[in-house]
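Below you'll find a set of structures to go through.
Both complexes shown next keep chain A, but they swap its partner, so chain B is in the first and chain C is in the second.
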Partner chain A sequence: MFPELNNLLNTTPDRVEQGKLTLLCDAKTDGSFLVHHFLSFYLKANCKVCFVALIQSFSHYNIVGQKLGVSLTTARERGQLMFLEGLKSSVDVFFRAEEKPHPLQFLREANAGNLQPLYEFVREALQPMDKGEAAWRCPVLLVDDVSVLLSLGVGAVAVLDFIHYCRAAVCCELQGNMVVLAHDSGDAEDEENDILLNGLSHQSHLILRAEGLATGFCRDVHGQLRVLWRRPPQPTAQRDRSLIYQYKIQDKSVSFFARGLSPAVL
Partner chain B sequence: MASVGPCGTGTGTTGSVAAAASKNNVTSFQRRGPRASSSDSGGSRLVSIAGTRPSVRNGQLLVSTGLPALDQLLGGGLAVGTVLLIEEDKYNIYSPLLFKYFLAEGIINGHTLLVASAKEEPEKILQAGPVSSSRFGHYYDVSKKMPQELIEASKWHGFFLPKKISSTLNIEPCSLTHGYIKLLQFIQKIIYEEGFDGSNPQKKQKNILRIGIQNLGSPLWGDDVCCTENCDNSHNLTKFLYILRGLLRTSLSACIITMPTHLIQNKAIIARITNLSDTVVHLESFIGSEREANPLYKDYHGLIHIRQIPRLNNLICDVSDVKDLAFKLKRKLFTIEVGCGVGHCLRNWLLSHLPSADGTKHILDSWGHREQKGPGWHTAAPEYQ
Partner chain C sequence: MLESVLASGGLVLLRDSVEWEGRSLLKALIKKSVLCGEQVHILGCEVSEEEFRDGFDVSINSQLVYHDLFRDPLNWSKTGEALPEGALGALRAMYRRTDPGPVIIALDSLSWLLLHLPCTTLCQTLHTLSQQDTCSGDSSPVKRVCVLGLLHEELHGPGPMGALSSLAQTEVTLSGTASQTSAHILYRRPRQRPTHKIQWFSILPDFSVDLQGGPPLESQPHPDPDTPLVDPTTHLTFNLRLSKKEKEAKDSLTLPFQFSSEKQQALLCPGSGQATSHIFYEPDAYDDPDQEDPDDDLDI
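Up next is the complex of A and B:
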């Protein structure tokens, strides 16, 4: 996790809010550093994490996680982390026919129906065990990323249904958290992606949006992060709060600064 | 192996590799010592595989694309287990060259090849490949053809679509186009049978599988993504790329794909394809465009855009500082140079060339630093925006 981002969001691993849906969004840049942040944050906070990793392999997250101070292999071995590796599982699903339904069953079908097997997998992974297991804090579902499901033939509505079911199970029933990454296609006119993104934005409590700079590539400032807090707990509280920071990604951390105040400029 | 400085320009590496390679006509792309961090294909210690080297940034295993200039722009080479997507130029003149360089590099290094095409027979693609010119080491001479004995000595598998699918059309609707399914099954069979995924303990494969797929997405593959804007099965290509990436991540292979993206009218699909590929390079040739008459571009044949570089096992990636890159095809060499965009006229005027005693060119950039280059291409001085 990045200490500077924790300061910005006013969170620490000791004080974890519950029942929240966080949307990570990237436009014209790569927002995967946010996924690494939240993964290591929740593992350090002693939460039970179910990670649906559809884009990269386990060792990728593990190696980056080690730079951030968590070991995914250890977490997986002691049951804290349930990892669904999309790339590896897709090969299994596609080439070998299995009887029992696989979470990524939709890959075999011509017209992908719904994501119910995936929801069942998530539900089973985060179900609290009764005895014989260390008590974890709240369960957390992490999805990286949800836009790739559209590329695999699932409709935007089916993906929104899946998110809705997961939110009902994880956020409301189990009082856990959800973190979902979606891409913003910008001017690529991806209607399905826009539907998905709008639907997710309305449901989220916190939106972190990583954008590339409007002026183009820069070596010292890699992008801009917009933080938007939505749905304040009291209905009569003030409007949604939003902040904008710029960031630079380094080897093991990310530094944030106010716009225009990059250390390279000062 | 020459070490590379922390800023990663690696100017010294190419020259020394070329010099060493010219001695015995074999690339000196050799790894020394065990791998620092495990990549995706098995945790077993691989001692060394010819034609690979670890990345200086994170120990990721890299293979050469066959073009040292492109290797440097991609941060040292193409990572094993990833896909290099070449967006073809409009008339498909220059992208087959990059395709053939990749395969020729595999033949020289003794890698196993898998060549898939719907248009040309794989044997003909390999025979027309360029051969390594010994004086230049890694540099391939496009005017010469690959000698037959080299092709026969190498191990390669061909996938020619018209031969693999039957002409009868009673195919039930599946999740993918029939041609794509056949290709995926073929690739998976080769990976499994020859042990590239480490699953077969008897076949301890210590070699790389280089996969080349030509004109993917064109109508010859049975896909209509290039024909209409709202195609019915718009997920065929993206699903294929996803499962292909799954196969690559779990095996010792690297893949190059050329795709006629200029024919795809649906911008959303191009964005999705870019997200599903690891490294994306776009070739834009000047033929038939208004840039052909532009005096700034008179020495060049086109522009090369590095659209995407993956972040593998890392938070950051090796983004090249130079964004304006042009290529030209001289009689023997395909070179990539700092492009002559409007902002670069002055800088190119400042660059001066001083030939030295050993024949390599020294270039003084505008800051007065000397950079040693191999013959035929210039590197880019860092650029500030």
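Up next is the complex of A and C:
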């Protein structure tokens, strides 16, 4: 959890908004630091987290999480974290007996299927259990990332339907939150990815967009973060609809500053 | 503005984008229709019913007929609560209803329908739905139907967008500047040239529309009167002006290619003691001493 990002978004682990979909997207840079931020943020906020991790292994997120002050191993052991490790469990699709559809069942199908088994997995993971469980604050679904589903053969509309169903279940019914990372292909004209990204943008309440600098790589400024608030509860919300900040990623934190005011140039 | 958008009936497209969302305007149009006594049916695909009804007061909410396609559009839960026959069935059911009077059908959103249904089927259904008032042959009162569709511009290619545009009687495109929203309204009346106008507006918390005159004028930056004006002509290393003597000397100078009468005389009469000039030429080894003109033998 990066305290400076919390200040920008005006949230703290004690005051978590509910029923929101946050879209993280990155263009020409790596936006995974935002995923680590939200993962540690919601674990510290005592929320029940279901993490669909398709890109990296569990130990990777655990190592980064420890730098940010959370232990994923402990969270998983006490039932706060449900972790779907895509890299490892994709192999199970082929070598496991088929008693129930595997969440990544679409990998077996010849034509682009739907993501209903994955949705059922998420729904089951975040369903509040009646007996003998510590009361978690609100359920949170984290997906890293959805663009890789396109590369695995799922259509953009199928991914949008999956996010739609998750939103209906997690945000509306269970009053939880969702955080989804998608990549922006930018100049490489990927129509499916554009449909996916625009469709997600229209469904989101908050969009955080990490962009590389237009002038290229810089040692002191790693990129630029655009924050766009959509669908405010009231049409004339007082807070700013859009902010732009530049950032620098350090070992255990990320510092944010207004454009052109990097400490290196002041 | 709202009355004119809904007045002509038919298909009305509300085109929005990620930055300028159109759902608030859609809700404002719905509220206006309800207050005018029209029936409103809503096909909700993108947001939950609670979120859509949020902001309307009880009197308006009780008049809305809401068809919920959000919770289970593809029938994944298999509990039987979903709308049977899916989206297309829900649309077709709307034009089989028989209540008289003008009716507004709001589609939230048309983009969702366009992503899930074939474009041709959707266009045919919309055409049938919006042309209802002309097809009744008996003496039943003319039912004016207006289909209001929310369309997200970035999601569709030029083909489907063009097809829907050609079906639409009115198109409202949302954009704006940093602080204000504008609607570019294009009216297509039959047998008339399309007209368009731009309206600046904002939506109030109770979903009524506040019309504004124009974009907010940017205040001109005034020059700061406190900074002293510095004269840049002091302390120069070159002259900007000529003194009187220098001016006279400059005016009396004759230019080399200006031909005055004195110069003419000087050239025509060589001055005394001036020897005629000679040219001394030492030929090289390669020079041809032949003085003959090589062109002499040409018979020109």
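What we mean here is this: the second predicted complex is superposed on the first by the 256 of 266 C-alpha atoms of A that agree within 3 Å, B and C clash if a C-alpha of one lies under 4 Å from a C-alpha of the other, contacts with A are read in each partner's own complex, and residues count from 1 in each chain.
The rule is short, and it goes like this: a contact is a pair of C-beta atoms (placed from the backbone, for glycine too) under 8 Å apart; a residue touches a chain by one contact, two chains touch by 3 or more.
Predicted, not measured: the structure shown is a model, and the values here were computed from it.
S.K.: With both structures lined up on chain A, is it a clash or a fit for chain B and chain C?
M.R.: Fit - chain B and chain C, as placed by superposing on chain A, sit side by side.
S.K.: In the combined three-chain superposition, what is the angle centred on chain A between chain B and chain C, taking C-alpha centres, to the nearest 10 degrees?
M.R.: About 100 degrees, rounded to the nearest 10.
S.K.: Between chain B (first) and chain C (second), which does A:Lys48 come into contact with in this model arrangement: first, second, both, or neither?
M.R.: neither
S.K.: Contacts for A:His164 in the overlay, against chain B (first) and chain C (second): which applies, first, second, both or neither?
M.R.: second
S.K.: With the two complexes superposed on chain A, say which partner A:Ser57 touches: chain B (first), chain C (second), both, or neither.
M.R.: first
S.K.: Name the contact category of A:Lys20: first (chain B only), second (chain C only), both, or neither.
M.R.: After superposing on A, A:Lys20 lies clear of both chain B and chain C.
S.K.: Just chain B (first), just chain C (second), both, or neither: which does A:Asn198 touch?
M.R.: A:Asn198: touches chain C, not chain B.
S.K.: Counting only touches as set out at the top, which of chain B and chain C does A:Asn114 meet: first, second, both, neither?
M.R.: Touch partner of A:Asn114: chain C, not chain B.
S.K.: Please work out whether A:His183 is in contact with chain B alone, chain C alone, both, or neither, and reply first, second, both or neither.
M.R.: In the superposition, A:His183 contacts chain B only.
S.K.: Check the contacts made with chain A and report whether chain B or chain C touches more of its residues.
M.R.: Partner touching more chain A residues in the overlay: B.
S.K.: Once both structures are aligned on chain A, how many angstrom separate the closest C-alpha atoms of chain B and chain C?
M.R.: Checking C-alpha atoms only, chain B sits 17 Å from chain C at its nearest point.
S.K.: Share the list of chain A residues that count as touching for chain B in one structure and for chain C in the other.
M.R.: 191
S.K.: In their complex, what parts of chain B are in touch with chain A?
M.R.: Touch residues, chain B against chain A: 37-40, 58, 173-175, 184-185, 188, 235, 238-239, 242-243, 245-247, 249-250, 267-268, 270-272, 275-276, 311-317, 319, 321, 323, 384-385.
S.K.: Would you pull the chain C residues touching chain A in the complex into a rising list?
M.R.: Of all residues in chain C, those touching chain A are 18-19, 21, 23-24, 46, 48, 50-51, 54-55, 70-74, 76, 111, 115-116, 152, 154-155, 157, 202-205, 207.
S.K.: Under the definition above, what is the set of chain A residues touching chain B in their complex?
M.R.: Per the stated touch rule, the residues are 30, 32-33, 36, 56-57, 59-60, 63-64, 67, 86-91, 94-95, 107-110, 112, 147-148, 150-153, 183, 185, 187-193, 215-219, 249-252, 254.
S.K.: In their shared complex, at which residues does chain A touch chain C?
M.R.: Spelled out, the residues of chain A in touch with chain C are 114, 116, 119, 157, 160-161, 164-165, 168, 172, 191, 194-195, 198-199, 201-203, 207, 228, 230-231, 233-236.
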